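First the structure, which I've put down as structure tokens, then a few questions once you've had a look.
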Amino acid sequence: MSLKASIRDKLKAVSTATICTALYKRGFRNQMIQDVQPLDASKPTMVGEAFTLRYIPAREDLNPISVFQDRTHPQRRAVEECPPGAVFVIDSRKDARAASAGSILVTRLQVRGVAGIVTDGGFRDAVEIAKLDIPSFHSRPSAPTNLTRHQAIDINVPIGCGDAPVFPGDVIVGDADGCVVIPAHLTEEIADEAVEMTAYEDFVTEKVFEGRSIFGLYPATEEQSRIDFTAWRRAKGR
Amino acid sequence: MSLKASIRDKLKAVSTATICTALYKRGFRNQMIQDVQPLDASKPTMVGEAFTLRYIPAREDLNPISVFQDRTHPQRRAVEECPPGAVFVIDSRKDARAASAGSILVTRLQVRGVAGIVTDGGFRDAVEIAKLDIPSFHSRPSAPTNLTRHQAIDINVPIGCGDAPVFPGDVIVGDADGCVVIPAHLTEEIADEAVEMTAYEDFVTEKVFEGRSIFGLYPATEEQSRIDFTAWRRAKGR
Amino acid sequence: MSLKASIRDKLKAVSTATICTALYKRGFRNQMIQDVQPLDASKPTMVGEAFTLRYIPAREDLNPISVFQDRTHPQRRAVEECPPGAVFVIDSRKDARAASAGSILVTRLQVRGVAGIVTDGGFRDAVEIAKLDIPSFHSRPSAPTNLTRHQAIDINVPIGCGDAPVFPGDVIVGDADGCVVIPAHLTEEIADEAVEMTAYEDFVTEKVFEGRSIFGLYPATEEQSRIDFTAWRRAKGR
Amino acid sequence: MSLKASIRDKLKAVSTATICTALYKRGFRNQMIQDVQPLDASKPTMVGEAFTLRYIPAREDLNPISVFQDRTHPQRRAVEECPPGAVFVIDSRKDARAASAGSILVTRLQVRGVAGIVTDGGFRDAVEIAKLDIPSFHSRPSAPTNLTRHQAIDINVPIGCGDAPVFPGDVIVGDADGCVVIPAHLTEEIADEAVEMTAYEDFVTEKVFEGRSIFGLYPATEEQSRIDFTAWRRAKGR
Amino acid sequence: MSLKASIRDKLKAVSTATICTALYKRGFRNQMIQDVQPLDASKPTMVGEAFTLRYIPAREDLNPISVFQDRTHPQRRAVEECPPGAVFVIDSRKDARAASAGSILVTRLQVRGVAGIVTDGGFRDAVEIAKLDIPSFHSRPSAPTNLTRHQAIDINVPIGCGDAPVFPGDVIVGDADGCVVIPAHLTEEIADEAVEMTAYEDFVTEKVFEGRSIFGLYPATEEQSRIDFTAWRRAKGR
Amino acid sequence: MSLKASIRDKLKAVSTATICTALYKRGFRNQMIQDVQPLDASKPTMVGEAFTLRYIPAREDLNPISVFQDRTHPQRRAVEECPPGAVFVIDSRKDARAASAGSILVTRLQVRGVAGIVTDGGFRDAVEIAKLDIPSFHSRPSAPTNLTRHQAIDINVPIGCGDAPVFPGDVIVGDADGCVVIPAHLTEEIADEAVEMTAYEDFVTEKVFEGRSIFGLYPATEEQSRIDFTAWRRAKGR
């Protein structure tokens, strides 16, 4: 994976909300993976390039429990092939009636150094997954084995996840608000802009707590806001 | 705002469930704001008169990021005009695909003494908002800027929120079960009745924990239940 | 209730995810009660035979608040008749716009020794119910009295709950992932198989944390995995 | 069935819209079977007392295709037992993913003199059913056999259908707008009032086509409207 | 209403699909009123400027049947005030459980010269409305009186309808595919462009029927396509 | 395409309902494409092998209107490459907010000899498409260009369509009830069995119209039913 450490660090320090605004300024309205939440909202921000798995509806004759005895089964193969540092993103067609994966596979991803996992369906063993170090996102817990509804069919192709387009290599950022998809070619400029925006938002938050009105301050339409911000940055070393 | 402190205190001491029953007795079946939950369920009960903001679907040409530079933008103006002690209620058409507001605006509402905030959409920066003192309610976190889907259009008009009718001045009460809308003219009688009901429910709960059957006790169809309750109230000073 | 203590203990020690897989192997795909979650995910696993209550949509003239003065009202009667050790399961037609029950009734169930309660609607007084010892599952909190939308009509008949079929006497198991329905005649064999599967899954989890690949291990297609597991069981006394 | 021919005739001559208004005046807001439409909107109005069939979600082991070889299977038995003149109402839990019934059973109902059939799911062989004389209502066509999702469990018990409560013996009226449920004890007074309302609405429609404003006319708040209506009734012999 | 007859004529001769594409080229993605269909798909195309009515959820005490005796009731007043040539657009919050209007009011609109009516809810008396000359659009038939769920609250304010933003004076065009909202200031240029596009599409359709491939033809990336089109226009006089 | 003419003819003479039952007997419960209907229910039955197109959510920067100028755009290429006799099946993720295709492309498919088209989204120019000879199925009309929500990404890969799994080469059969997917390897045996079942169902329908009870007849549990059927077949030459 080619995501530079410096970019990764920048993205870890900003919020999905800020990234969404930076994307919105460039005309992107559908990069948020809708209706997906962290299993543990207190984890650090997840950042990594998308490695994808595509499910289609399961056909009964093709999905006996014995399919997992085949090493080439796409779900199992994907878990062993997802690069360290990447985010494993599953297209479950927003169907959480069966699990997208369970704690053993997610543990394996963690051990392999994968940066996180996202499905627009649900995970089984949700409590165990929440306790792992690896950040994970889904729509709700779901105990039935994935074979009940999902057949893994493709690895690392463009997919939809939570109504957002996800291309392999796009950068996924996830925090308590959910997950956002940064188009690969924009990662660097979005990261830079988001860091700048975050500094200003932190300044604004401080001022608002001190009692200042948002008029002129948020956004900075008054000269004084810009002057104060410059002073604040200097004082804070940001 | 004209909500008397004594009424506010009574409503802070009762539950939305009890209020719903008192409203039900008077023929009201749709005063619960559906599918809305507190960002932090451990906060004290929220009480205040409704101050409303109405959103319509966003039109792309009318919602560049620059609209917030205009002080008369209805979202920003509403945040500065909402009276202390009021509850800020947003009609987001049950659409949580974009945020209804973020932590900076909610912080400003808190600093201004506003009693709480409710949307039938979602908030961005949900973790930060949850940590504020001001009670807040939404359907789920949502990172995209409100401009992505919502255009603020009207301040303090009657709205729908979570399928409930909300008129400016109605009293909103919110706890872990969600938010209920008390029609303005009924506030006092509902508050009084709910306090009485709560005393009886507390008595019943105590008796049920002691092993008594609900028959004759809940509701109080047996004379003995009423006698015991009278004694209990005296003993408890309620 | 005829559920043997030994079976109950086995089911308390396994997960709904494992049970779902055991059921899937026998051709059952719809035994998970969909979209239902524990009010407190940290409670021990709930196990018990289903005792059911069926609601239909409420008709206004039949549901004044006074109906509860009648001891034969099905909701109240069911609460007093549900056997100790059973799980109280409510068919609320997946409608959480009004409560299925509140804290007083759930407290009474707890005092009577009932093993748990499940609705595919919502509970009022959700925070109080969450604090009780009895495990409880619903789709979301809902403050309005059940009379607002639900009329209790039948006790202990076959019902649908969360799109799953529930026959009186089926065994309900509930954990953080939700609730699963084991057909009565399969309880013993499912319990036995799930215990065995759990042992292997615990072994696998340990090995995966140690760095082993899932190939050959999960499922155990390599001879070495079976040898290691035998040794592990002996060492662990399982 | 005890529905008098004169009442049946009156109800055949009025619309579900008018009946809904008459019910609304008496406090009934949920008697419309929601999201159900006629397979052939040109059929005469359907009227009859409800005879109900209740489905629960199908369990795989209980629903092999061979179950229909049993004459006591509730679906088949209900078709042979539904009284002539009644309306066959099926609670399919608003799930149209599998059929509620097909053309052979509906043909049998027609031959037996049944007045109509309604499901809140879907029918298979929808084109054939539409061509029959018997009026039929569903949400959409659905080819899979009912066993795929539905298990017939109860005959002639109170049910929910399209979010409306249906008690055996309630009178179902169906036209192009859908189906409404008249509580049994109100049938006669609703029929009488609806006939009167229909006369006035026909008069109003005629006047509106002639160019009269609805003010004062609809409703009849002006004396002149009432005078004109009296004359119109005399002229029309209604 | 200021919509020029020439513009109206142009828009009557093009399709909503073509208009959507013209809007898409200018960055508009949400101008289609979603999930709304004509009551009679064979009617001529509806064109007119939006005159809006806003509903909120009905509160029981404010909506007895007697409210219509008040001439200032917003629903009735709107019907009498909507300008000839305009399209009456109702924000029903996508809730078709109760009617947005019935045949008498729609007849009155027709007599008054109104160009059409749209709701994102449903109409009662749907068959009668379908037979009128005035084009009408809804999501599905719905018999219950509007008071059951809807309270008319505002006339001619900006609204949402079927997830599209509608400002008074925007031009609504409706055909068998549904209704699209043209922002007022773009009406003329959209009409002109759509007429041009329609000519080319008609030419393409003819050529495709004759067997030509879409490559190079649709869109016109080959010089020959443009030459043939020029000849075709001359021949057809378009 | 390898679908034999004799099999195609058999499948054209049976219904999707009968095919669903034949599939159900073999353990297939999810082969019906859910919530899809013919644009013209009077067309002959559609039969052909699936040729698929997969859409993902559209990303704004990748979907300017100019993309169609590229001959390799998957949507346009698929239309030119779909084999005569095949059915064109589109995975639109059940999202009908933008069109899956319009009349020009569908006309081109017809001219090329394609057997039909199905999407789990919607078509634009729905009236024109309905008038073509080629059978077409969607969920509802939708005017916005596909670029608004859909990006064509893959040709002839396995997809989900209306919650059913569709593999290239599976046989799609469509009639007024919708579309069913026959796994490729079962086509012949399903066709044969469905023809037999249809003969018996036609016999039963005739007998039911003559007044016979369904008991013993449907299914044929009585010897006499089988005798009569044998005679009926001989008489009818089937």
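Letters A, B, C, D, E and F name the chains as they come in the text, with residue numbers starting at 1 for each one.
In this text, a residue touches a chain if its C-beta (ideal position, glycine included) is under 8 Å from a C-beta of that chain, and two chains touch if they have at least 3 such contacts.
Since the model is a prediction, treat every value here as computed from it, not as a measurement.
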item	value
Co-neighbours of subunit D and subunit A - touch as defined	C, F
Most widely separated chain from subunit F, with each centre as the mean of CA atoms	B
Rounded Å distance between subunit D and subunit F, as computed from the means of their C-alpha atoms	31
Separation of mean Cα positions, subunit E and subunit A [Å, integer]	39
Rounded Å distance, subunit C centre to subunit E centre (Cα mean)	49
Centroid spacing, where centroids are CA-atom means, of subunit C and subunit D in whole angstrom	37
Shared-contact residues (touching 2 or more other chains) in subunit B	29
All touching chain pairs, where touch follows the definition stated at the start	A-B, A-C, A-F, B-C, B-E, C-D, D-E, D-F, E-F
Touching residues on subunit E, where the partner in the complex is subunit F	15-17, 19-21, 24-25, 29, 32, 34-35, 37, 41, 175-178, 180, 201, 204-205, 208-209, 211, 213-216, 218-219, 221
In the complex, subunit E residues that touch subunit D	65, 68-69, 71, 76, 79-80, 96-97, 99, 102-105, 107-108, 111, 124-127, 140-145, 147-148
Residues on subunit D engaged by subunit C in the complex (per definition of touch)	26-31, 56-61, 93, 95, 151, 153-154, 157-160, 163-166, 183
